[in-house]
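Below, each structure is written out as structure tokens.
There are two complexes below, and they share chain A, which is joined by chain B in the first and by chain C in the second.
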Partner chain A sequence: MATDPSSVANQRVVETLASRLRRRQVVGSRETALETVLVLRQVISKVRFSNIDQLVEIIRSVGRKLVEAQPKEHTVGNTVRKVLHHIREEYHTASQGTAVVSTSKDTLSIAKFVLQGQPRKQNVPQKTTLNKSQVMLKENDEDDPDAFARTLKPVLMEAIQDVLDELETVYDNISKNAKDHIHSDEIILIIGKSSTVEAFLKAAAPYRKYTVIVADTAPSYSGHDMAQSLSSAGISTVLVPDSSIYALMSRINKVMLGAHAILANGGMFAITGSLLAATAARAHSTPVVVCAGQFKLTPQWNLYHEYGALDFADPSSVLGFEEGNLVDKVDVVNPFYDYVRPELIDAFITNDGDHPPSSVYRLIKEAYDDEDYEL
Partner chain B sequence: MSATATITMTTLPSKSTIKHSPAQSHVEASSQNQPPKSQKQMTKAERREQQERQRAAKAATKVAGPQPSGSNQNSAQAKNSASVKKGGKGPDGKPTKETKETTPDDSARGLQIFSHFGLPKPPGPSKGDIHPAIIRLGLQFSEFKIAGANARCIATLTAFKTVIQDYVTPPNNTLSRHLLTHLSPQITHLVSARPMSVTMGNAIRELKLEISGSDIDLPEQDAKNLLCQKINDYISERITIADQVIQETAGTKIKDGDVILTYARSSVVEQVLVGAWDDGKQFSVVVVDSRPMLEGKKLLSVLSAMGIPCTYLLLPSIGSVITEVSTVLVGAHSLHSNGAVFSRAGTALVAMMAKQHSVPVVVCCETYKFAETIQLDSFTKNELAPAGDIFSSFPLTRSKDTLTLNKQPNLEILNPLYDLTPPSSITAVVTEVGVIPPSSISSIPLALGRTTL
Partner chain C sequence: MSPNTSSSTGKDKLIVDEEEVLQAVILADSFNKRFKPLTTHKPRCLLPICNAPLLDWTFESLALAGVQEIFVICRSHAELVKTAIKNSKWSKPGAGLKIVPIVTAKETFTPGDAMRDIYTHGIITSDFVLVTGDLVSNIRIGDVVREHKERRKTDKDAIMTMVVKQSGVNHRTRSRGDSAVFVIDPETSKCLHYEAVTGYPPKKYASIPREILNEHPEVEIRNDLIDCSIDICSVEVPSLFQDNFDYGDVRRDFVHGVLTSDLLMKSIYCYIAKEGYAARVRDTRSYDSISKDILARWTFPLVPDDNHPGGHSYEHLRGNKYIAKDNSVILSRTCKIGNNTLIGSKSQIADNAQVIASVLGQQCIVGAGSIVRNSYLFDGAVIGPNCVVEHSIIASGVHIKERTRVERGCLIADGVVVGPQAKLAPFSRLSKRRQDSDEEDEEFEDAEEEVKTATTEDEVDSELEDVEANQDPEALAKLGPGTNAIIWPLPTVDEDEDIDELEHPDNQRLMRIGDNASDLVLSDPGSITSSGQADSAVISEFQQEVKQSLDRAFAEGHSVDNAAVELKTLRMASNVSLRLVREAVIAAIVSRIKIMAGGGIPQRQEIASMISRWGGLIDKIGGVDPVETVEILQEYCASSDRLPLFGQILAALYQDDIVDEDDIRAWHGNSKSQGQGVKPTSLQDNYNKCWVTGAHMIKQFDEQDSDEESEEDSDDGSESRDPVVENPVTKELPSAGANSSEENSCEENSDEEDEGNTDEDDSE
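So, the complex of A and B:
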């Protein structure tokens, strides 16, 4: 009942993104997150609903479709969860404006803490913007089914804009304290091309003189692009093949990695080669620092280190067809991501501050709602 | 007498400047035997004069703009002057090294710790009378047509057999003394093509021992034949037969259903795997490969031609497959007295990952690869691959221009060829005298009743 007239339009938008994800025409955590937010904004602006549960269900179904299209792009699901979280927050503050203010929360017992799940939300002070909309939130009104939607939509649009803003300013926020993490004459090891790490290093470059060693990162060789970009920014760069990571590790002061997704136990999926660098760093007691935006926090686990949890890419970059007679006799493996255990990582630098892997679970609890972990 | 004196004066300075290139101690040892003491002092003064002249010339060329051959001479000069122990040459070395770095500011500051590697220079015009077989060998080395510790050693010894057969003792000289000086420039030429491997060093040392111990009374042809025979014996005993023993011993470590992981291409490991397959064992092989040399592809073609089921992947992907592997077999370039294995770059990573997942790491190494020195890290003694893409190691899925980056300001490209695996990552070393833990390599001579390995 709620979405029938606009369901066709909505579905088209969602279907387009789903097929692009399936065909890997949109790749990369930040790009997929941005696309997802834009699609959700379109869906919400056109959708019709008369109570909060319907809205949540609609968004959930959109999320489910997108996640099924490409389960390895975790930021799609994360963005949907984030939007849901914001929606619920806005709804609660709006509905508290109408209902009697509930009794104070001075009895913050452990039981309540555990049961509520998000104690912080209960203590959120009234937003000043909401004073305007002290209007009655008419849910399930038969004569005016759109009343609820009408009053809530501008607020929702603001919430989505918040999410979009956060995504767009990720690099700036992460690089804010860049110069505090790097000292002069430091030698830093980088794997592959991560735009977050790149922004971080470029932000520190005018304040500190340091050297960056970039590993090739076969078979994507994204290290070459990274080296090119860093050296043209004036940072002294050394490009080495991956085979020399252990050889050079004893002289390296810090290892900086980018993440594809941060898992709930503090581990992460990162580009292949990160596990090698992190393990070699652990063998030499070198700190490993991961720069990632908060949109990469995923409420999922990789307990059994499933081989299938990795994503596999085109094997011809490993053994091309020019090797003719070898191609059909040999198995070629080209995993795109590595799983790095939380014990190998020392710190996550996010746009919301720096955190050790042991407090990632807390960040996830604050960022998303419990009921959204399974979309 | 005076004629010979002048000859030595003009030829020795050029020889002596090469003599002190950062090559091996045995080169210096052989050259010190030959000139008498007074001449050595005279040539030292000569050398000083020449270096003053060349320093002035260099300053002139620095203004004009350094040419590649000029800078080669400069860097050779820099190394020579840096290694001369008598004072005053230190500052000579530094300025020439700075001119090699194109950026005048300190943008290359952090990279100075690798600057001693020295990029390989193309083999210069041959000085003195170098045997054509040696010239050919030098070219093959510098283009990596012959690569690998065993292959290089065998090729060197075979070339030396030709040199010895073609050698004629000059009158008033004995074979045992003069042959050594005859061989020195040949060795230097090879070293300038590519730094000496430990195997070549050990073999040449044995050869020199044989030469200096050869009987003076033997007619020349017999002495030469004896030497060639000794060389053949060395090759067959220490390399060929040793490899067969290793093949059998390591083959017993392979059982049906095993998954063997190997890195890059070791001639010994190839023999072990081929031998085990011929014995009828059913196993599969994972070949891990990496830049800069991508040698694993050759091993892959040999193994898959025999029908062995193989998997091929690049080094960064090793974390995903290591859990399925039962044994790791690698080869070595040399073994040091502290048990560390000096091997192809990347072996240390493979051994480290394997150790993490409790997979045994077995190194197959002949005893003649033992180096008496101790090496603590991978850069005090290493070799860089030449710049450019001589191994065509980049995939065709990306355009070549983005991949072959040249040196720009702020960008340096290093391709170290070797690295050091610490003894803690190694489970066992298989040699022709048995399976030993890595730190026991230095006790083998004692156990066998010999004085040297």
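So, the complex of A and C:
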């Protein structure tokens, strides 16, 4: 007897995460991604299913619930898609018996794609020869409905562990090549506090001597924390107000941005001020590189048409609540994110290699299954 | 959040959790009638704000703060509240909240009564959060609770932490009618003094006990705080309410009482929230401003497009417009949607209609060419074509027919039909007439009546009947031919009705939606006199009480000591200055002295016996200041018919050692004693006469000093009394010519007055 997908979605763990997401008690792309994987693992370890479709449907319903709770935290949906992709992959491997030469993660890059052509997914269904020596996957077994789940669950857990591992090592993997991107005596402009950018810069610090200019990033002023953290790591750091970004741009060799979500068209959502920096960089033809984990790749691409997609926070950081006289007369708009167009970005540095914005759609196609674009 | 938590450790965890369960108590009843008539069939906490019931906003605020167990104290319409809770998403298993509705007795009229009820239920096991059922907040109350608990470890007497939010004085969310002055120690954030402030009549002064300024080198006196009505209370708080049965309001009575009490030795702290938003829907005005705050996203993440407590989803558009996401809203191509607007699902807005800064519920219809501005339409409200609705609250199912004008400040209750072509006066309040309701409606109402408890129903009934009985047909005619409405009268005060200053209609005007109360604020300069009147009221009351107390003492022959103790308590109770007490005592004693018809010896004896019996009281009231005594005596005599007795009384006081020579000299030397600066000239004359009498006495002293120094020493009391006392009356002693003439006039005057007095006595 399979578990009813809707009842799974109402499970306590799911409900808890959904409400925490809704209440913004879990924030930050990586945090939310990790929480999502953990919840999915908990759900899968408990549910009963007798064929792959049921399992997929269960996970999708959980994913739907979480995404609805917080549509602006795109990594939730991405993680669910990623897990689904891995599950299908494992399922195919198990049902085919013979281990398909699985194109592992590190081979997924534009370079490899050009060399090898279509990735494995399209090849998989053609291989129908089953290795009888392998344990047979019995789908829809009348006598023992749990047999399928029993055989598959260990591999599923492994697959989820893979996703988890990837998330946990994402900063290391991104900053692996840091010293190839940062050269000595470079001046790099960064904005806001992004853990990815922070790890990336710190990884290059032992090898290169360079200067980082950190913008204040009003109204959150997260640039202050960032500057503190970088300078304590021994990087020469300069903190400047946002207003001087353009003035300084002629001296800057590279603009380095973090991302909230990378859209399929190559554009991205990033902390407010990123658009300002990217546009100023364009005026001076300064390269703009974005450091982001692969889990930020989002299959949607036309989100920027929606005004609300930028996620507007409360006005208090812009106009203090104590300014009683003004509150009634002034409408304050305080967006969390800027949408940065693909034309303004030169490269994405991910844990999956470096890519230009124009090939992001390929990355997405490799990372997720087409049928999951809409959860 | 680790999935590795196996079931075996899960049990232990549960126990630990049980100890740390954060409890909250919601007072779901408002204990006032500011939303009438919207609240005749529905408790205030179930009124929607931004399309979700207030109670849901409160639950969400608490859930955001990590509260796990909530007790909802409901009184009126308790069954409705219970059903609402049962049907809400909060009672689903996944919600992580345990909500227990508690219905209190009908005799619960104040929050204090509710607190006593909590005490008797014995539900509180640890520190708890006390909020009202109309709270909208995103403050991390968990942090405040932690701070409170930390403080409790060192200071066992810290029983409460009040959450306040800094705002400007003119902030729209800060209640103008009901605010407070907080005196806070900035270092420890201990609340040292609390004084409630009513908006009208405007309060000009706050009195801060001197001890506070003595004990604390630095204090903040603040009137710019929004009181969020979020209190972190210790277990003792309900029991304190139980002990002090007269505590009604949590702030005005409890906080003020605890802080001013010398016996309780408890302390209350303030938490000035730097981040986050919290406010209470106290009245229609704050309903308006909090709606606007929600739409302006001050309550983020509690905003319509993100974490809407009602579970609706809205799309956020440029200019803080929120439109239901399910594509069921029909907006005409030519309609205009202004900024800060929320439109619920299945609503329709017709051609050329304008909706500006308003909230529309579900299935609302705005007819062609209508204008809805700054207004709140609940579910299913229908506005006909070419209407104007401004600054009003229109409840669910209301039908406003074409060409109707609803002016600012109107409250229209459920199911009212108005129009066509009606014109509603500003601030009118309408509800549906019950007699006119057709059968279907009656059935519905019957069902409702069954649900409701008898007492509330009676209450509502009697009030409704009252209103229905007193309808002005002319005013009704203006509401259009198709109306089923009754008009609620504007609130007035009966002369004999003892109404709380807070609930006074003038003060309530500051809390009304759409009321800028400009005429009230304009009357500001006059307020100084009015506050003076309030003071004088206290004083005259005190004087009355002293008089009564002394009357009793005289009549029943109390000892001077007993009377003094009584006076001291009175003084403490009404908190007046010592001089006032002295005035009152002297006035009481002097007025007791009978004026003898013939004057002379019997008069003197009368005075002497009175002063020797009661004169001691003057010095026993808590301080000795003979100069002041003489001043007061002069003041009293000058303004009463006992002017001629002044000299004799003064002499008697001198004899009884209540005043001595030096005091009289000191008084005499004082310019004020000559009546300088006293306004009415007649009074000044009287002052002068007294002064002259005093001058006489001093002269006598001088003579005595020079001539009879040794004699006086050897004389007994009665001997020495005679010349002094006789002096003003009998004029035996030599005096200067000028003085004697004045003396004469004085004498004549006093004789006349004496006669007048006796005449009066005769007539009586």
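Quick notes
Assume the second predicted complex is superposed on the first by the 330 of 375 C-alpha atoms of A that agree within 3 Å, B and C clash if a C-alpha of one lies under 4 Å from a C-alpha of the other, contacts with A are read in each partner's own complex, and residues count from 1 in each chain.
Operating definition for what follows: a residue touches a chain if its C-beta (ideal position, glycine included) is under 8 Å from a C-beta of that chain, and two chains touch if they have at least 3 such contacts.
Everything numeric in this text was worked out from a predicted model, so none of it was measured.
With the C-alpha superposition on chain A as described, chain C and chain B fit side by side in the combined arrangement.
When the two complexes are overlaid on their common chain A, residue A:332 makes contact with chain B and with chain C alike.
By the touch criterion defined above, A:216 lies against chain B but remains apart from chain C after alignment on the C-alpha atoms of chain A.
Of the two partner chains, chain B and chain C are each touched by A:323. With both complexes superposed, B is the one of chain B and chain C in contact with more chain A residues. When the two complexes are overlaid on their common chain A, residue A:23 makes contact with chain C while staying clear of chain B.
By the touch criterion defined above, A:15 reaches chain C but does not reach chain B. Once chain A of one complex is fitted onto chain A of the other, the partner contacts of A:314 extend to both chain B and chain C. By the touch criterion defined above, A:42 lies against chain C but remains apart from chain B after alignment on the C-alpha atoms of chain A. Once both structures are fitted on chain A, no C-alpha atom of chain B lies closer than 5 Å to one of chain C. Common to the chain B-facing and chain C-facing surfaces of chain A are residues 307, 314, 316, 322-323, 325, 331-334. By the touch criterion given at the top, residues 1-3, 63-64, 92-96, 138, 165-174, 224, 275, 277, 289, 292, 296-301, 305-307, 313, 315-320, 339-340 of chain C touch chain A in their complex. Interface residues of chain A, counted against chain C in their complex, comprise 10-12, 14-16, 19, 22-25, 35, 38, 41-42, 45, 68, 70, 72, 306-308, 312-316, 321-325, 327-328, 331-334.
Chain B contributes residues 106-111, 113-114, 290-292, 297, 300-301, 304, 309-321, 323, 344-346, 348-349, 352-353, 356, 377-379, 382, 394-398, 402-403, 405, 408-416, 418-420 to its touches with chain A in the complex. Interface residues of chain A, counted against chain B in their complex, comprise 185, 187, 209-211, 216-219, 221, 224-225, 227-228, 230-232, 234-248, 250-251, 272-273, 275-276, 279-280, 283, 305, 307, 310, 314, 316-320, 322-323, 325-326, 329-335, 338-339.
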